[in-house]
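Lettered A, B, C and D in written order, each chain numbered from 1.
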Amino acid sequence: MTATITRPKLEPAVPPSHARLRVGVIGYGYWGPNLARNIAQCSETALWAISDLSPKRLASARDLFPLTTLTADYHDLLRDPDLDAVFIATPPESHHDLVIEALEAGKHVLVEKPLATSVEDAEHMAAVAERCGRVLTVDHTFLFTGAVRRMKEYFDRGEVGDVYYYDSIRINLGLFNHETNVIWDLAPHDLSIMLHLLDQPVRRISAFGARHVDTNVENIAYLTLEFDSDLLAHFHVNWLAPAKVRRTIIGGSRKMFVYDDGEASEKLRVYDSGAHLCDSREDMYRAFVEYRTGDVIAPRLDKTEALAAETAHFARAVRGLEAPISGAELGIEVVRVISAAQESLCRGGVPIEVSR
Amino acid sequence: MTATITRPKLEPAVPPSHARLRVGVIGYGYWGPNLARNIAQCSETALWAISDLSPKRLASARDLFPLTTLTADYHDLLRDPDLDAVFIATPPESHHDLVIEALEAGKHVLVEKPLATSVEDAEHMAAVAERCGRVLTVDHTFLFTGAVRRMKEYFDRGEVGDVYYYDSIRINLGLFNHETNVIWDLAPHDLSIMLHLLDQPVRRISAFGARHVDTNVENIAYLTLEFDSDLLAHFHVNWLAPAKVRRTIIGGSRKMFVYDDGEASEKLRVYDSGAHLCDSREDMYRAFVEYRTGDVIAPRLDKTEALAAETAHFARAVRGLEAPISGAELGIEVVRVISAAQESLCRGGVPIEVSR
Amino acid sequence: MTATITRPKLEPAVPPSHARLRVGVIGYGYWGPNLARNIAQCSETALWAISDLSPKRLASARDLFPLTTLTADYHDLLRDPDLDAVFIATPPESHHDLVIEALEAGKHVLVEKPLATSVEDAEHMAAVAERCGRVLTVDHTFLFTGAVRRMKEYFDRGEVGDVYYYDSIRINLGLFNHETNVIWDLAPHDLSIMLHLLDQPVRRISAFGARHVDTNVENIAYLTLEFDSDLLAHFHVNWLAPAKVRRTIIGGSRKMFVYDDGEASEKLRVYDSGAHLCDSREDMYRAFVEYRTGDVIAPRLDKTEALAAETAHFARAVRGLEAPISGAELGIEVVRVISAAQESLCRGGVPIEVSR
Amino acid sequence: MTATITRPKLEPAVPPSHARLRVGVIGYGYWGPNLARNIAQCSETALWAISDLSPKRLASARDLFPLTTLTADYHDLLRDPDLDAVFIATPPESHHDLVIEALEAGKHVLVEKPLATSVEDAEHMAAVAERCGRVLTVDHTFLFTGAVRRMKEYFDRGEVGDVYYYDSIRINLGLFNHETNVIWDLAPHDLSIMLHLLDQPVRRISAFGARHVDTNVENIAYLTLEFDSDLLAHFHVNWLAPAKVRRTIIGGSRKMFVYDDGEASEKLRVYDSGAHLCDSREDMYRAFVEYRTGDVIAPRLDKTEALAAETAHFARAVRGLEAPISGAELGIEVVRVISAAQESLCRGGVPIEVSR
């Protein structure tokens, strides 16, 4: 029944360089085509094979990647000894089993966010990756955007000061996924960015949501996150917004950021207090008053497509040249916070401790 | 000690029309000059007198309004039998006593928001206004903007459908007021707009906040409001934002609004589903999918300054020609919700029922 | 010397439908990859072959289109009897000879703008296409955007009224092309859109420009176009702008448009006078005054990539199912106006009649 | 017949400081109220008197400035020995006679732009001011905005490098003034800013325009200005635009500016090449390529209302403390260029030398 299609032999004149990582894609639905295109275009990877259950999707893949093996059965990929790694873009419920199977077949894995649908699953996957000696990364794509990488530099150099708040909005008129609510769908983006930048564990979370279109899952939610410091974080995720907004505001004692992904050319704006030391509350007060009077800088951002940077990084991580930026540890932490948010949501917004 | 300055006699050739309402201003600090200017420019009112404790502020008033009585003692206004009404722009803590005194002196009153700092005070003020037969209105200025008036027409004509969510952001780099936190300062604006538009009582509220600059009051807060319907409302108020944002998104089953006060010419955008009846969940689902494909309309808005419209409305309300749009009842409800928010804030975000 | 690479036989299981138009791409530099991708993805075309002189570019094409014939010699395409059409993306100077050769080899042709570098060449190319019975279209891509198609509907339905002015800005920090100036590079976009929408021949043109970076070609220019009516058109083209701006404003007696290609979601705004008949100057005056008070509409636009729509349209034009939207006639007119602009530029801005 | 109203005696307790410049306003129509308000609020001036032919306008002035002398006859101002200066906001045709009369009556003068309707008149006015020893300034308000002052600092410090182009758009749906065309109405704003910043005389100008609503005057025009250097300047002025746009782009060899007056908080954006020395064409080429990769800065701007800064500057200029920023010389130059533009317009766009 499985319509396995064997890959035509590559012409010897232009073989894919054997230095390239041979990567397969499992799941060619909404996101898979982006993965495939980036694997094909990256100079460090070769698009070796694609699997999807839908013949229509496979036919569409055939138009663009006629030399790539196409199959309805992902097992064809896992048992192909030439294949080095798989990018998995299937529904979250399937991640645990698929990733485990791929790791145990000796493949390195990049899997869509969220890593898993429970902390237990996520931790199990990390343990299997460890045991198999394979790289397991989560596709938190935004970590590889020019804007987030630029903000990370500010944070790493200690230029932000104490972080006071982290406020994120991610709303649009979205595709409804009846298997999962809007928190599981959208919040991993902002959580991964925040955890990547801040390096502070979330202590407590409160979540409110509502169901307006589908009776089973929330289409709007507000998450409030507390930390051991006086940092306050907040996410608004929403599938029923009339306009697409993706904007994060970060307030620090020395710098503030407005990161607006909807801006065409100036996605990041940096505001400087001009006061690098605040010896007293009075000084800090004065420093803030100066915020409004300082120059605003829209720094130069690398315009490389995030997924292109991520694909190249994955290849280098597999070769041991770079430590994974978006590894299993970050993936687990995202699932841990989302799970606590889910519990708070179910209990009417009561704040829930994030257990560790 | 009170440096009372007697008003020069007006020239008989150009007396203020006796048809005009004679209005005094108590408090000429941040907002008082706007009140004074609008009273002076409104064809239905005359700027009769101004009181403020600061000689410097009085001197500044003298430059613009040389015929207006200026005094350091507001009692001069209350005992002036020619004065019909007072606009009170003093700190919230002083509202209760001042308003009561003014009402009992027979003056009609417009007072800055919030009406009072406790529900008890607010209800007492309303009762005194009732007993004295005087108009008591709260300066919820935004109700008189072209954008809110235009949205109100949509709501009143039933064109919005079921309201799913009401999301508001009001952030800026603000003046710090050490007497009160950011909720008491900014949230009354959004609460008054929302209550004016929706006509649904808030059932439960949860508030989170943090103190970063001053140890006594919160400079950032998130409020989540629940109702008897499945409406979810949320306000973000913040004094430490690098840029000024005042944006409200309202999601209804038939129309959605984006009201962005920072836009120069198109403050309101209306999105239409194109589907006026949804017989089933499936229909509603389809209707939403169409939202994204519909035309967007930026309706014509009246550009009259809100405070000018409000001043004229106040004069007509005093004369019994119009029912007060922003009367004591709305003012009490705002204080009731804010007080519950304050309690939730003090209790770490636990949702609090709004008692009635 | 020509490194011709034979296309591997397609697997019989998934052959390209023989109903598909087999298209080759000549020139795989800046724009060619976009042509190739759209040909590959279009359900009515198959990407049959690509030629480019650069081995590096061919290697890059190989990564994405491994089954496509790649060659350094475009003659390989022209003599391939299986190939139906070619898309030519080479420098303007080469268009005339290449297009003639392709047409005479029996291929249908889509060629980059401008069609040619002289009116004589352009007319010759059209004549050869006519003689050979082949379709010749010019890649004026913007005609196929959702915004231009939507404006065309307004014009075709007579809803714009008399057109008063057409003002276009197309500026960016551009790649410098030392063979041609900024007028030949950018103005064909706006000219083709304007001629497509308005259907009025340009009578007279005046052009001013300056050379700041390269002594041979102008990097900034202003074109003023006059017509037999009182329509006034104007284009600003500029390679040295710090920010990218592509905005057209069209003023008509009944509707006005602002078409801003830099806007993410509302590229087109339509302003309505609300007055459909103006019996007198006074009426027209009043109608205009109402423009500012009317609603603004951002109509729904088809979001299909312009080049995808254009590729499908080309296939249907070849099959005789649709008349070419961007045929040789429009291409000649664009060259005619640009040539007159060039003459005016050389003569210090003196207005030049567009001869016909 | 003249309804002269004598100013009531000021109370001795609060006299206007005799250190204040006593200023009168002639013409209280569209712009006069702004002049009056700023004179009243400025600590260096006193609003002494207002004249206007319309009783309705005078009544409106009375509401705001009840102590100010109001009169229908401007001669009352000129013969008042206590009056130091007049601000004249009457139609351009009246400027010459009124200004001469005021200067000869010993008053210092600020007059609306344009200074006059002919170069001869403008030069005559300057000569009379010189002879009378009185200050004559033109109200080119934009010179006093925070954005223009900030740009002027960049230019004065030589940070802009060679100026390549100056491109300005000033369009809106305007009030129609049947006495004058859109060039005379709007272009003085941009001309005065450009001449203030650049300090290069215009050599040649070409103007195109069209009349769509009124048969007597142009409602849209394009001006192209040439200089002795390779600077190219261009203005688009338009009364029939659906949206208000006021944007200037200045391209220099070391810095570029985008000055957008429609932006709420970041009116000025500065782009830096990062390359301060260009030894060769190749270097310059490279420098430009880097423009796109540099940071963008939105510098802090003084938010003082331009007219407030201008009023205070006028008072200091009268006292000899500052040289007039917008004196007769600049006013004459603006009229000279506009007059040449008018001649080009009448001759179908033929470039006209600006004679001196």
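Simple rule for what comes next: a contact is a pair of C-beta atoms (placed from the backbone, for glycine too) under 8 Å apart; a residue touches a chain by one contact, two chains touch by 3 or more.
These numbers come from a predicted model, not from an experiment.
In terms of C-beta pairs in contact, A-B outnumbers the other of A-D and A-B. Most remote chain with respect to chain B, judged by CA-atom centres, is C.
Look at where the CA atoms of chain A average out and do the same for chain B: the two points lie 42 Å apart.
Chain centres here are Cα means. That of chain A falls 53 Å from that of chain D. Within chain A, residues 243, 296 each touch two or more of the remaining chains. Those residues of chain A that touch chain D in the shared complex are 266, 293-300. On chain D, the positions that touch chain C within their shared complex are 162, 164-165, 167, 171, 173, 176, 206, 208-215, 220, 222, 224, 226, 230-232, 234, 236, 238, 240-243, 249, 251, 253, 256-258, 269, 271, 281, 284-285, 288-289, 291-292, 296, 348-351. By the touch criterion stated above, chain B contacts chain D in their complex at residues 5, 8, 10-11, 13-14, 40-41, 59, 62-67, 243-244, 262, 264-265.
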